[in-house]
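First subunit A sits with subunit B, and in the next complex the same chain sits with subunit C.
Let's turn to the complex of A and B:
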């Protein structure tokens, strides 16, 4: 009898599959018998003994069946609840409470104590006296040297060329076996302000070292998703010689702020708005996306943008205090995957 | 009793030799004392009771020699001579130690020694140069980072962010900026035109009144601007430019003109497809040929 009860309970819940249909037919017959016998209607809704879970059913097919039924019921309940809520909202109209904001990783970000407050005096003082002060005081204008690791392949070479068109006042030199430590004093003597080294591995560029020259900080990035100009869909014509504007998004923490300054110091101060070009460094969850666009204002509230130029994403690996020195350098920040990647909501830039 | 031929007969061809490695084309000898690492009758250290090799330990080259007299004493089997650091002197040492030895062994020893010195020199040179550091990547970490990057890209909504930022900058940068949009430009130019035409008509009127008799009735044309006059966008632009120039000359001094131009931001009105803000009727004339034909037939 228990078995029959179980079956009836199960089929009472949902009558969708053929088995269920036959069971229902049986149940109806049984029910009829039951009514004649006990005078009690068998319950239509599920009557499981308490403490029963679907995963305890040993038969795989039956278990699967019960699970799908349960899932469908859950979905039905959920959509019914949604509809009800929607109706309530419509009924209330303007008085309805505001929609709850969905949780995103960026919303739930762990509070970082190094987030820069724009009015912070200490930060402002630091910025006024650090290595970029001369740039932000308009004393020096940037001059950039772009180079690669040994024996660059086609992709890297083309990326260097395109980068040099994007960054004004930049020169590309290839080094054949020269040590970086020897290049740096030469660069300083020739008044270069920044050095970019694109590291290559297996014919694709995968790393970027950005070094601010006269004893400035050195940042080492992992570069990924590099798209050259010809690989970008719906792109515009080649960028012109005008100095682009710069957009730096989401560099909130102290570390992010210094990296943002590094990027800003690559470009001259006076953007030529006639060129209508903009270079964007957008930081999202510790990934810095670089894009180069041409914009046009269609109206006061609408702007159209067209992508030119290469695009890539960077992830900061380490920040060194002095110029590039892998052995004796003093690291200000190093990315340690085992310690820093444990939380999904903690970001450093 | 040591019999080299028997040993070779067994190990070389018939039975198993643990030092022997066979490949498709030839066999090699893995014995550390082998002179040439090939498996031959003349270069097998087991099958030759009189044998010599050159071995290198920590940058030092040694000459090892084995003679049949010591075949019974495995501990003292190999005699070791340290070779001179100088290449020529070392060669002389080899010659001196292996005097009266078979030509093959002497020659091969010298060859081996030359090769070893060459690669030692190369090692020393390379340690001075920069070396490429190979950093091992963890596949798990790489996959994780790639996935997170994709998600971050989606969350970033780059195009929207850039557009928002540009519009914000536009809003802030408004002082003294002549930002002409087509609608505003059109209206502005319209007003300008009205004012100018009004003033010019007024002047004409004055002139006329001065010249001709006062009180005479005349039919004067309308002050309103005809739409047909302004339908051409090119004329609009010329008007625009002229009005702008007038404004600039009047309002600002020469110094201010340059920064104004710079601030102009290239946001000049779209001079592309013509924008008709008012109803415009285009009349096309069609040539009808049918009635002519009809006339002919009838």
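Let's turn to the complex of A and C:
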């Protein structure tokens, strides 16, 4: 009967609704031994039969109305509670209890037993004598070979060139259809310590294979969000030849330590602070963000940074023991989405 | 204290850093045992097998060519012997009547005499099995029969009391549909009980059954699983199926009567290095490069029972075959034997967390060998010692 229309019509409908609700309440009250007065009560305290929920109303418009009313009521209650809390805090002043920390996925992270304890001797021995021992004992200095998958397009080629300016002592070579298993013995004989292969698909780089050379592990990453230098806004001038500092953030588990060591072994040990350049590998929720910045101390406490260099995001797919051999190699860790990605609060790196 | 409880450990695992770990699943504890007190990569454990009588002794084959004796009763290494000859790590270790059988990567299989009885350290018997051996396995029913296989090294069954020629030499399957020779890479071998048959799993993701009793030298049954090399295999208690693991951490149960896949087990993230089923219970222990020991239940229902993080890459394991999974109580006997040390042990126990339920006498002589175990704080429910 009530026609959909202007505001008055709408409020009229609401009025009708309220009346209808109260009438229902009346009937219900009459039927149920009257928990409320008849008709005089505002609809908020209307006594619906217990177990009644808004979702049982079959009429979509009425149901929507009831829901919006309920939502407004909830919002009012919530803001009233907030105001009350704020008043109490101001009243207490210094003695107020500290604000509760909001829950985030990072601080709700499931306890991982593989998180490395710095005092653990067995893990310390394992890390001190693994394949990176010769780098960390300063017996070898890094020499990197950067290449791509076969027939790279412009973006990938430019990314390789920019990466070679970021990583000192690195050389870019065209792939020209050579098999990696044949390239690797040649690299070893020419004293290369690491091999980076940037995989390309549909003209954009989407994967990275990082292989530590004499016998070391091979990590396969998915690469996303690649931004070349000219796509970065407000960037500084091109990086210089100075050796950058490295920042490795948040690599806490045993697997994270291995990957962190792999990244660290790409760069020489002695950063040249004159260059004020820093490469950051920041791990958050199993995604590794690579950034390259130049910093300057404007005063004792204020630092300015400019982003140089390419920027990309990596996600580990597998870590294989030994040099690149995807078919017959033994894997230390393989990412299995259906088994490992079931919980939003569980991370592996 | 865990030294004396070493006999109740359910699983013994050998690692890449030379540590032998004993895991007690009932009490959720893992203990480290090293021969020299410090982990050493040169002593990486590559083979484990039970010693002479029952499950009281473990023979540990290390990467530097030594075989160490470990006593589970006392919880310490008792001695070692050098087993030189041939290059490469141990691929198989077995013992029969007190003599020790070793096989190395380069194919030299040697039988060593009992160290106590004879002073000489020359091998009693030496066989050349062929290069590139991946596994040597002893038949549990007939201890003097061993089988070897490897990369481009076909399966051979040897009788150590018999002649120098193998009893059974397997033949490669026919050329494939492109008329190319099918390569051979036997990664693990098992003897099927109550028959002469053998099962092998290969690096080319095949599972093959051979029958020496039949006139056919080619495999009787062949099944494939997955696309990655199968690295470990074990027989299930009923004997009709095998469980295999590959380099991607996938575990599968394959029926040997029909050659089909019965089901998979989830959980491993790294290459499977060791697998063993319990002889009567439906439990499977698996260890691998992801540094975690897992115990799965293989039927009703199939799933993970225990998971233990063990900090080093695990190479091989031994599952205790005893039926009684609980620790056996010993309180009434022990305190009466050593009354004088009780006051010391009382203080010791009072200062430690209440983990073990029973009092044990102080084993001074074992403390030296157990320097590698550190007194770390145990978190409730955690599984490290």
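Some notes on this structure:
In this text, the second predicted complex is superposed on the first by the 303 of 349 C-alpha atoms of A that agree within 3 Å, B and C clash if a C-alpha of one lies under 4 Å from a C-alpha of the other, contacts with A are read in each partner's own complex, and residues count from 1 in each chain.
Criterion: a residue touches a chain if its C-beta (ideal position, glycine included) is under 8 Å from a C-beta of that chain, and two chains touch if they have at least 3 such contacts.
Being a predicted model, the structure only gives us computed values, none of them experimental.
For the composite obtained by superposing both complexes on subunit A, the positions of subunit B and subunit C are free of clash and fit together. Of the two partner chains placed by the overlay, neither subunit B nor subunit C lies in contact with A:52. Touch counts on subunit A: comparing subunit C and subunit B, the chain ahead is B. Of the two partner chains, subunit B is the only one touched by A:289; subunit C is not. In the superposed pair of complexes, A:299 makes contact with subunit B only, with no contact to subunit C.
Once the two complexes are overlaid on the shared chain, A:67 sits clear of subunit B and of subunit C alike.
Of the two partner chains placed by the overlay, only subunit B lies in contact with A:247; subunit C stays clear of it.
Of the two partner chains placed by the overlay, only subunit B lies in contact with A:275; subunit C stays clear of it.
Within the superposed three-chain model, A:313 lies in touch with subunit B and out of touch with subunit C [touch as defined at top]. Between the C-alpha centres of subunit B and subunit C, as seen from that of subunit A in the superposed arrangement, lies an angle of 90 degrees, given as a multiple of 10.
Once chain A of one complex is fitted onto chain A of the other, the partner contacts of A:114 are limited to subunit C, with no touch recorded for subunit B.
Nearest C-alpha atoms belonging to subunit B and subunit C sit 7 Å apart in the superposition, given in whole angstrom.
No residue of subunit A contacts both subunit B in one complex and subunit C in the other. Within the complex formed with subunit A, the residues of subunit C that make contact are 17, 19, 32, 38-39, 41, 203, 228-229, 231, 247-249, 266-267, 269-271, 289-291, 309, 311-313, 374, 376, 382-383.
Every residue of subunit A that touches subunit B in the complex is listed here, in rising order: 104-106, 150, 177, 179, 222, 224-225, 245, 247, 249, 273-276, 278, 280, 282, 284-287, 289, 291, 293, 295, 297-301, 303, 305, 313, 315, 326, 337, 341. Those residues of subunit A whose C-beta lies close enough to touch subunit C in the complex are 113-114, 120-123, 125-126, 129, 254, 321, 327-334, 336, 339-340.
Those residues of subunit B whose C-beta lies close enough to touch subunit A in the complex are 129-130, 132-133, 138, 141, 144-146, 148-149, 151-153, 155-156, 158-159, 161-163, 165-167, 169-170, 179, 181, 262-267, 270.
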